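Two complexes follow with chain A in common, the first pairing it with chain B and the second with chain C.
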Partner chain A sequence: MKLLVNKLTKIFVRYFALYRSFLSHNLKNEMIYRANFAINVGMDIFFMMMNVLFFSILYGNVETVGGWTFHQTLILVGSVGIVRELAYLTFRKGFLELGNYVRTGNFDVMLTSPIAPAAHLAFRHVSLTDSLGEGLMGLLLVVYGFLHLSNASWIGIPFYLLMLVNSLVIYYALCLLINSLVFWLVKSQELNTVVYYFINTARYPREIYHGLGKIFFTFILPSSLIATTPAAILVGRANPSLVLISLSVAGGGLILGLFVWNWSLNFYSSASS
Partner chain B sequence: MRKYWTVFQVNWQNALQYRGPTFISILGNLLHISVLLYLWNAIYLSNQSLGSYTLSDLITYYILQLIINSMVLSYISWEISDQISEGSFSNFLVKPVNYLHYWFTINLSGKLFEGLIILVVGAILSFLLIAHVSFPSSGLSLVYFIFSMILGGLLAFEFDFAIGILAFWIVKVNSFKYMLQYCIFFLAGALLPLDLFPVSFQVVANALPFRFLVFFPIQIFLEKEANPLPGFLIAMGWIVFLYFFLQFALRRGITRYEAVGK
Partner chain C sequence: MSAIEVSQLTKTFTTHRKEAGLKGSFKGLFSRKPLYKEAVKSVSFSLEEGELVGFLGPNGAGKTTLLKMLSGILYPTSGEARVLSFTPWQRDRAYQRQFSIVMGHKNQLWWDLPPAESFLLNRDIYGVKQIDFQKSLDEMVELLKLKDLLDVPVRQLSLGERMKCELVAALLHQPRVLFLDEPTIGLDVISQEKIRSFIQEYNRLKKTTVLLTSHYMQDVEQLCKRVLVINHGRIAFDGMLSELSQRYIDHKVIKVRFADAQTTTPPPGLEGVEVWDAHHAVLKVKKKEVAHTTQRLLEGYRIEDLSVEEMEIEEVIRRIFAEAPEESLRNRP
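Up next, the complex of A and B:
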């Protein structure tokens, strides 16, 4: 047992060191293009504002949506922003580049280096600034919404953060599953458009779905869990079954995703080499 | 005319060959629309309503929005600005085609191709939701609706072309363009019906021509537009004005063109 713990700690330390060096390397690269950085952040903030505008107009006409008030909904919108920034800080951008690696055969490098291919792909393109505007704006919206809650309770915050990480795991599992197809299609752009639509529909409260739609947006394309589960905890609407579903979708999805991904690697054709 | 017919055919075959992206983008739109339909349904189930709309009106609004998104709204500015900023626009300087007319043909064949697919999707969707779709009571409304879609398609093309040729003046136009396009769609009523906006917003949106892309045709279909004729005249005025303006802007743009990379 002790041996296993030791081994796991060693692996973790090694991966963390690799992550850090990739992150700092990429950050230096990104800092060269300062104008680009400013444009990225500006655009993120613009789109977050448009989401807020959508809901402000909507709430100009109604009191609640699926039982959620305006300020509670801001926490939903903000949470999506935070999850997206966390995803760019870990794995998202690698998948966007995957198609190029597979088409050119450069994916060989990932397969042969002494680190898991999925981790190598993710770390190689990890980016602090690509979604930073969304992350910051998201944080701002969550804080603003939280301060306007009538029943705000600080106890929820650690659980909120925990469920945000859980949402990140769901997001990752979906990315793995969908991007496994790249070894057959040799193009990843459209696959990632699907992922984009998935995260883009996450900002609506889960309570609006029922029947088949509820099953679809929980188990097939689990966008209804991404923002709703963490936000529900923060606003005091969570129930044990929702948390349980989210945890099992994350766990089950991750196992399935890793399995399918590792199996799909067998079909990589290593073009031009 | 024959050379544009060739352009049309070539692009049609292109669209057939690269149908994957078209399908995916329709699928994505369909996904977003279904989420919104659930949203409206939840609102009406909780005994609330949006403006003067019934649930059927709203469902119809968004099914039509799905169709209009494919048949009317234009997404050609990406390629136009790429051609300008990467230098392949130079080819057009020596060809006997008008750049505006060339892209109009490309856009037309793309919209017709997408339109065929989306009509099937829309028909299936309306069939599934038949109990919740408001159809116009008179054939005349339908004729007006189709005419307004044609006007909307022309205007949408002109706006998108304008965004594309901004690349003559602004080098890094991509993200700016994205925001501009989104603003146009918002003011067109693609995300929310314009009459749900706060009144001051509505005044602005009504004065701008963007409402002719989405909101205006749908209002005709829902028979909420008592007399569409003034709207038709205004839209046609904009189309003619923008046509001459774009030809003028194109001539000015060419004098600024640097043929980067060629």
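Up next, the complex of A and C:
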């Protein structure tokens, strides 16, 4: 057991150091194209404002949606922005580039260097700026919403952060599973459009789904857990079963995702020289 | 001990037949006929540690596919391979730390950043200690005269400069096995020569096992004593470069410079004339005819210079490739 812990710690330390190294290289790369950076941030803030406007209009007519008040919903919407930014800071952009890597044969390098290919792909494109506007705006919404809650409790914050990480794992597992198809389909744009729409549905409270829809958005495309679980903890609406389902979906999804991904790698056919 | 052992290695790619035109594309959406191409067919060979072996073959012969299997990029259809006692396609991290692959067509450096940044990243990826990293880097920068290029963004480097940097990036962790796939492709003559000299020197100093693919004969002639010739996925020859000439060359080339101007038509009955003008002649004659032809030339003409040369190795390779029949795609695996 001690050996296993030592081994896992060593792996974690190595991959964290690699992440830091790749992040620093990506930041240097991003700083070369400053205009791109400004456009990205501007676009993100604009779309987040549109989201807030949509919910403001909605809540102008109703008191609650699925039992969630306006300020609670701001936390929900803000959490989606934070998860998205965290995803860009860890793995998301790599998956967006995967189709190009496979089509051109440049994925070769991911299979020959001594890093797990999934981690190499993720770290190669970690981006601080791609979703920075959304992340910052998300954080602002969460803070604003939290300060306007009638029952705000600071104790929920660490659990909220923990469940954000759990949501990130769910998101990653889904990306792994869907993008494993690239080794057959070669192009990944359409696959990532699916992921995009999936994460977009995360801004609605889980309570709006019923019956088969609820099962589908919990276990097949678990978008209903991504923002609802952490937000529910912060606003004091969480129940143990919701947390347990989220943790199980993340754990099970990650194991399944890694298994399918590693198996799919064997079908990579590279490209002619 | 063998560094590389390959036994009956085969790789079959599956593609799909698509009829031309929009109608063909539409039909392809509903039914596609698979086609199978055996890129590598039951290939077996072995390399000793420290050997530098040339892998020759025309485009599409299977050279790159074989290198990709040996570096774990591709899964074989059948057969076995052991490199440094590892099965490459199991992608063991311990194996990945001990080999490197450089592909002339592909850029592994960060495009917008100077090469020095990619080198630092490779140091971290391969877990090279700073002291070893600096020593390796200094050695290679000196050998390749790269000092002034380390801080220039990769996209602003010439192809030759980029290839030198690719080599440095691939060798910083001091691999025991190095696969070089067309490292001189597209380079000018001077850059080709520099890359060749570097590979030669590096192999001599570090005793790295090198498998080099190229269809430039100069690469192989300068660097390799032993060659593997592959054509249509099969090994057509495995042996010393000198043996290759002996086995396939039954002709020699006689080159003559006349002392006086001659008629521009060769004398009747003289065989193998390839060039005959007022001042020069080149004849390709069978080995056993060399003495007789030389004697006839010396008796019949006032000659300023005469040499008997081996046929160029490139010609030999061309013959081997011409001997093997072309194979097409098959409908069955």
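To be clear about the criterion, the second predicted complex is superposed on the first by the 271 of 273 C-alpha atoms of A that agree within 3 Å, B and C clash if a C-alpha of one lies under 4 Å from a C-alpha of the other, contacts with A are read in each partner's own complex, and residues count from 1 in each chain.
We take it that contacts are C-beta pairs under 8 Å (C-beta built on N, C-alpha and C of every residue); 3 or more make two chains touch, one makes a residue touch a chain.
Quick caveat, the model's predicted, so the values are computed rather than measured.
Of the two partner chains placed by the overlay, only chain B lies in contact with A:213; chain C stays clear of it. In the superposed pair of complexes, A:190 makes contact with chain B only, with no contact to chain C.
By the touch criterion defined above, A:268 lies against chain C but remains apart from chain B after alignment on the C-alpha atoms of chain A. Of the two partner chains, chain C is the only one touched by A:32; chain B is not.
Note on chain A: of its two partners chain C and chain B, the one contacting more of its residues is B. In the superposition on chain A, contact of A:115 is made with chain C only, not with chain B. Legend: residue contacts after superposition of the two complexes on their common chain; A:7 is shown touching neither chain B nor chain C.
Using the contact criterion defined above for the overlaid structures, shared-chain residue A:105 touches chain C, although it does not reach chain B. On the side of chain C, the complex with chain A involves touching residues 13, 60, 64, 68, 71-75, 89, 91, 93, 96-97, 99-101, 103-106, 108, 110, 112-113, 117, 120-121, 124-127, 181-182.
By the touch criterion given at the top, residues 35, 39-40, 42-43, 46-47, 50, 53-54, 57-58, 60-67, 187, 189-190, 193-194, 196-197, 200-201, 204, 207-210, 213, 217, 221 of chain A touch chain B in their complex.
For chain B in complex with chain A, the touching residues are 20-21, 24-25, 27-28, 31-32, 34-35, 38-39, 41-43, 46, 48-51, 172, 175-176, 178-179, 182, 186, 191-192, 196-198, 201. By the touch criterion given at the top, residues 14, 17-18, 21-22, 25, 28-29, 32, 105-106, 108-109, 111-115, 266-270, 272-273 of chain A touch chain C in their complex.
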